[in-house]
Every structure is written in structure tokens, then in C-alpha cells.
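Okay, structure first, notes after.
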Amino acid sequence: MPIDHKRINPPEDAVPYKLFTKLNTKSSQEQYQQILDKNQIRKDGRHASEHRKIYMKTGVIAHAKGSAYIEQGQTKIVASVFDPREIPNRLDYCLKGEVYCDFKFAPFSCPKRRLHQQDSQEKEYSSIMKKALEAAICRHEFPNFQVDVYVLVLHNAGSALSAAITAAGAALASAGIPMFDIITSSTLAIQGKDVLLDPDFEEETLSEIAIEKEHGIIVISVLATHDQISHFHQVGNLPLNVVSDSIDILHKSCKEIVPLVQKCVIRSVLAGISET
Amino acid sequence: MPLCDAEKTFVLHGVDANMRIDGREREDYRPMELETDVVSHAFGSARLRLANTDVLVAVKIEVDSPFPEKPFEGKLEFFVDCSANATPDFEGRGGENLAVELSNCLASAYRSNEALDLKKLCIMKGRKCWKLYVDILLLEVGGNLFDAVSIAVKSALYNTQIPKIKSIHVDGSQIDIQVCDDIFSCTRLDISGAPLMVTVCKIGEHCIVDPNAAEEQCSVGAVVVAVSRGCLSTVLQTGTGSFHPKTLKECLKLGFSVAQNLEDSLMETLGEIKPNQDVGFLK
Amino acid sequence: MDTNNLLVCYPGQRLSLCDKVYNSGQGTYERQGYIYSNLAGLVDVVEKDGIKIIEVHSPGVQTIVPAQGDIVTAQVSIITQQFCKCYIKCIGDKVLSRHFRAILRREDIRATEKDKIDIYRSFRPGDIILARVLPITEAHTYQLSTAENELGVVIAHSEHGHPMVPISWTEMQCTKTYAKEPRKVAKVIPESVHEDFIVRLAGNVSEN
């Protein structure tokens, strides 16, 4: 991992102090038991199949062509979209435009400090976002051009990737980039028999660890009008039938977010009209 | 080589009739050639040739200290190298995106402890562990890289020998590890859960596995399905294009059943390989 | 502006059936017999010869890219023996927020005596020119042409940095030093005949 010498970095062997707190002495099994009670109610009072409340706003960055800010529970993300520009360092002509995605966690967004350089998780998320958005954007409308989408996570309280895709979709729409559909995304965390929609940070981390044999995280993004899944991503260890059922749950949940994004986009159009 | 519309229609009709351009059925793989223990400096290695795709995987082991948040676990890292020998497109930084995609996919497929138990790689809690570097070299690219790479990685891990530790001396913060002198007393990894990836391509109304270069061009979308121990360990889409939920489920089902057949035949083949063969690639 | 009677739509919204009367226009796409919106913006129905074309326009500065046949305003940045490099600043009367690179080859400077063109006798770095976008070929950048009377240099400064005025098809004169410099001068049409000009330009396009 290359280190940026212009910044002051903590000593290489520094570790977050939270590892030594009382909570961490508990095994992940015990931690997990506290997450969900017998009535399928989670720590924050939500039912296992309940999505967190979303707040969304477009036009938060004046410089960008289009931008969106999303709050999904405590998760806070800013997405911005810039004018199409010519693809740098490219010699051949390409019929379809390109989408460049940059997903970044702010250094203070997670319990553990993030580095300024993109780490492998951020790179992975960028490429997932790119694939999800590419299917939604009419790339044939701007051949030889590239649209830049930048996403910055200010606070990661779980399901950051989903929230980022939803926000980026709204930012693209408000930037006037031609799109086939509004894109929304949703996350599901599974541990054993428990299925948690829109997990928070703790639920997400604990579902990545094999406490029981079946566990995992599924992220999908949906183009609702045409009933298409633009991207599907799963990690963990899950039987086929569980994944199949999860697709239905997530598909439904994504469709529920659509009216919100629509409203947000329409509001940005009206704001644009009243300006002119 | 880009295909013209007529050629694409030909491929499409072939898939419809369950008779692909090279005579295979929709769920058939092309012939494969597998060798293990090909690199003498590596702790384990394998080379796989799937039609025109050629992959060489070598595993190197080093002693490292575990992550503070996971004191009981060893480390596993994947590096993919897209050599410009494989295809001229990889010249310069051309292969970088593909390499990142492949190594990310492998890392997420192996992330679960059900796939590979990293606790077995722990030498001393919170202090020392083994770190496995899995280096993947693409020697030739002829389509269907994900499948080929996953098979080669699994075979290389199967072939990997971890030295036995004779004794550990702890003196304050100093840790001395003594490795067994006998080079033949090694432990092997349990790879029964190591995932195999199958790329399912959607062409027209049907899904196929192991697409060749022409079929890859005709496909509207592809899903990589990684299967370990009868469960899906990772699913991700490659390329662009969207799926109807029903189609996606069909793809997953097909990938799942094909992966299980592939797993059976791979384990059978690996069982047949005799140690210390002196014929083959790099020998 | 009254925002109550406006038809606002979002991307992916189904706008109408696609049939003989209703056709998909700018900002929309057609899929399985229906017209859907591409953009978040205002729906506009344009009637022409009994056909209703449905268009969607997004508010604010539109994302526009040069297309074949567009008249663009560009600034010359580098000249060589074979071509000159320019930056496209405006398309038609729309100012771009981001400049596009373009190339004007020597043989596209004027329509006659193509073999006798010298670039340095036609353009200098810093000149503002009017040009037409040529069909996009394999090459990555846009190609321009000034091979029309109305196209060429419109604003130029002399070697001493003073503005120049056109005195003939091929020469401009400095307003301060009265020095003459060679240029491929555009015949700028006054605003009043603007409409005519556009009709003539449109005629040129169809001839080409």
C-alpha cells in the first residue's frame, strides 16, 4: 500500500482504540444476539424488514452540473456529476460514452480511519457503481465522452453502496444526463435465518463474518419502470433458494424508494425553472 | 475481431438450437488441461489451459502479523497480472481494470470463512500468522477468464504445502519461530470450500456457460456465480446490461448446477494427479 | 413563471403511446410501443404536419456536444504546416462551459485552390473563427472546416496586440498601426439578416 508522504500519517502500527473497549471483548456471536430480539425488532426499533427513512436533496453543490445529498438513517453521502468531457488519452472512437465513478469514504466516516488513497474496497465499490449506472444511462447519446460521477461518504452507517447508487442516480437525473430510468438500490444482510433489510454498520459487519453457516450481503440496483436489475452483487455463503427469495425482497424494497427519488428529481426541475 | 450482424445472428440461432458454433451444448465446457506443481520456487502452483485461455497460478507463503481486529486469522491476498503477452490490449496499463476486477472478485469469493478457513493460518494469536500470496498470471486470454482463474486458484491452493512449525519462543516482544527441518513434513490446506466461479452469459433467450470470444460479443449481460460447498459465495455481474429478476434467477440456477458438476470433476482430477511428475509445462 | 401548468417528468416516465400521431423526439426514447422520457425536465409537444412529436427539455444549461454540420465558434491555439488546433467555445449561440478540442486541417480552410493554402497566411494563434463541424471520423477529435464564405476569422489581433478589421477576403488591417496581415476572413452577416443567413446555411447543408 503506497503511503502519501505529504500528509501526516499515524504510526504504521497504530490501531483504533475501540478494539480494546469492553464491547470488543464479546465474541461476535454475543454481539450478534443483541442486534435482533425475538420479535424481529432491531436495536433502533425497526422491524427486520423495514427500511430506514431516507432524506434526499438535489443541487447541493453549485459547481457541479448535478448533485445529490442523501441521508439514509445515519448514513450520509454526497454525490456529484460533472458535464461530459472528452475521454482523456484515448485514440480510437467509441460509439458509447463512458461513465467514470469515484467512490470515496471520508477519512472520518467509519469507526476505523480511512486513508486518503482509494483502498481496494473503495475501488470495488467504484466498479460496482459504474456497472450499475452504465445500464441506466443512455450512453449512446454522448459518444466519445465521459461523464464523471464522484461520491463521498461522510458518515458510513451501513448500506453505503446502495445509498450512493441511489444518490448518484438522482444527481445524474438532475444534471440532465439522458437516462433510461430512475435507478434505486437496496441492501440485504443475512445471518442464519435472519434477514435484515437495509442493515446499519454493525449489522453489515457482523453479516460478513460466518457466525452461522449461511450468511452474506446482497446489494441490488433496480430500474423500476422496466423491471430490470441493473446490478447484482452478493458476498458470503448463501444457498440458492435464499438468494432467489432475497431478489424479490430487494426488488420490492427498491421500488418503494422510487417515488421519493422521483419527487426529488421533479423538485430539482421546478427549482431550475424558477431560476430562469 | 468485431463480429458483423449476420455472424451474431448465426451465433444466436445456434444457441437457440442448443448447438453452439463449436458444437457444444449450452451447458458444456470446452476441454481443459490442468497441471499442478509447475513452479519450483512456489509453495503450490497450477496451470490451467481452457481452450485458448492460459492461466498460471503460484502461491507464496510468508510470516506476517494478523490484523488487530482479526487476531485469530491468517491473511490471503490475490494479485492478478495481465501480461502484455496475453493480448496486445494489456500493453501499458490496459489490463489494469481487468486485473482489479478479477482480484476483487476472488477476494470477495474467498471472504467468507466457509470458503477458506483463515483461522487455520494462525500461528500465534494476535502475533504471528501465515500470509498467502496468490499470484495469478494470465499467459493467454481466450475468453471466460473468471472460470479459468478460479479453477487454477483452487488447484494451486490444493497443491500448496504449508511448512510445519516446530517451536515458538516468546521473549518479550520478540518471537522466534522454528520451522521443521524435514521439507516433506508439511500441512495441506483444506480446500473443500474453495469457490469455483462460473460465468453465465445471456444470449438471446437462453443462458450459456463458458462463452468463447465470439459468444462473449453477442451476450447482452453476464453473471459470475461463485459456488462453494453447495452455497453461493459471490455473485456479481460483469459487463453492462441489466436483467429481469426472473432471468437473473435462471442464470443463478444454471451457474449453480454447472459449478457443482465442475467441482466434482475437478476434485476427481486433482485426486488423480500423482506427485513429482516430471513431464509438462515448465519442466 | 407559472409552474402550475407545466408538465414535468422524470427519466423513465412513460409519456404516451408511440403511434402514427405521436412520435418520439428529443429527450425521449421508444420502447415496446411506448414513449418514455430520457431526462428530468419539461414535456413539450411539437406539432408538425399532423404528427405530434413529444420532446423533453431539461432546465438550466443544456449538455450539448458539437454535432456534424453545427456552426461553432472556436479559438485557434496552435498552428502547424498541416493543421491547426482549436478549442470550440460556442455551438451556435450557446456558450459551452467546457471547451472541446478540434482540428482544422489545411485542405479544409477554403474551398478553392486547396493546394496553395498556407496555414500561417490564414490563421494565427488566438484568432476567433467561425467553422462548421465535419462528420466525425475514426479520429478522436472533432474536425472543422472553414471552406465557406461565411466562415473564417471573425476576431483577430495584430502582432502588436491591437484589434484588426477586415479589408478584403484575405486581409485584415490593424486599427492602430495600419499594418495588413493575411487571414481567411469570414463574411460576417449583420444581425438584421440573421434569419436569411440561417436559411442559406441550411440550404448549404442540404446541398452538401
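Side notes on the structure shown:
Each chain carries a letter (A, B and C) given by its place in the written order, and its residues are counted from 1.
We take it that a contact is a pair of C-beta atoms (placed from the backbone, for glycine too) under 8 Å apart; a residue touches a chain by one contact, two chains touch by 3 or more.
The structure presented is a predicted model; accordingly, all values stated were derived computationally and were not measured.
At the far end from subunit A, in terms of centres built from Cα atoms, lies C.
Distance from per-chain Cα centroids to the pooled protein Cα centroid is smallest for A.
Chain geometry summary: the mean Cα position of subunit B and that of subunit C are 52 Å apart. Averaging Cα coordinates per chain places subunit A and subunit B 27 Å apart. Distance from the subunit A centre to the subunit C centre is 39 Å, each centre being the mean of its Cα atoms.
Listed for subunit A are residues 223, 226, each touching two or more other chains. Residue numbers of subunit C whose C-beta contacts span two or more other chains: none are found. Interface residues of subunit C, counted against subunit A in their complex, comprise 1, 3, 6, 8, 10-14, 27, 29, 31, 36, 38-42, 58-63, 65, 97-98, 100-101, 136-141.
On subunit A, the positions that touch subunit B within their shared complex are 15, 19, 112, 120, 123-124, 127-128, 131, 134-135, 208-210, 213-216, 223, 226-240, 243-244, 247-248, 251. Against subunit C, in their complex, subunit A makes its touches with residues 65, 83-86, 90-93, 138, 141-145, 173-182, 223-226, 261-262, 265-266, 268-270, 272-276. The touching residues of subunit B, when paired with subunit A in their complex, are 68-69, 97, 100-101, 104, 107-109, 111-115, 223, 228-245, 248-249, 252-253, 256.
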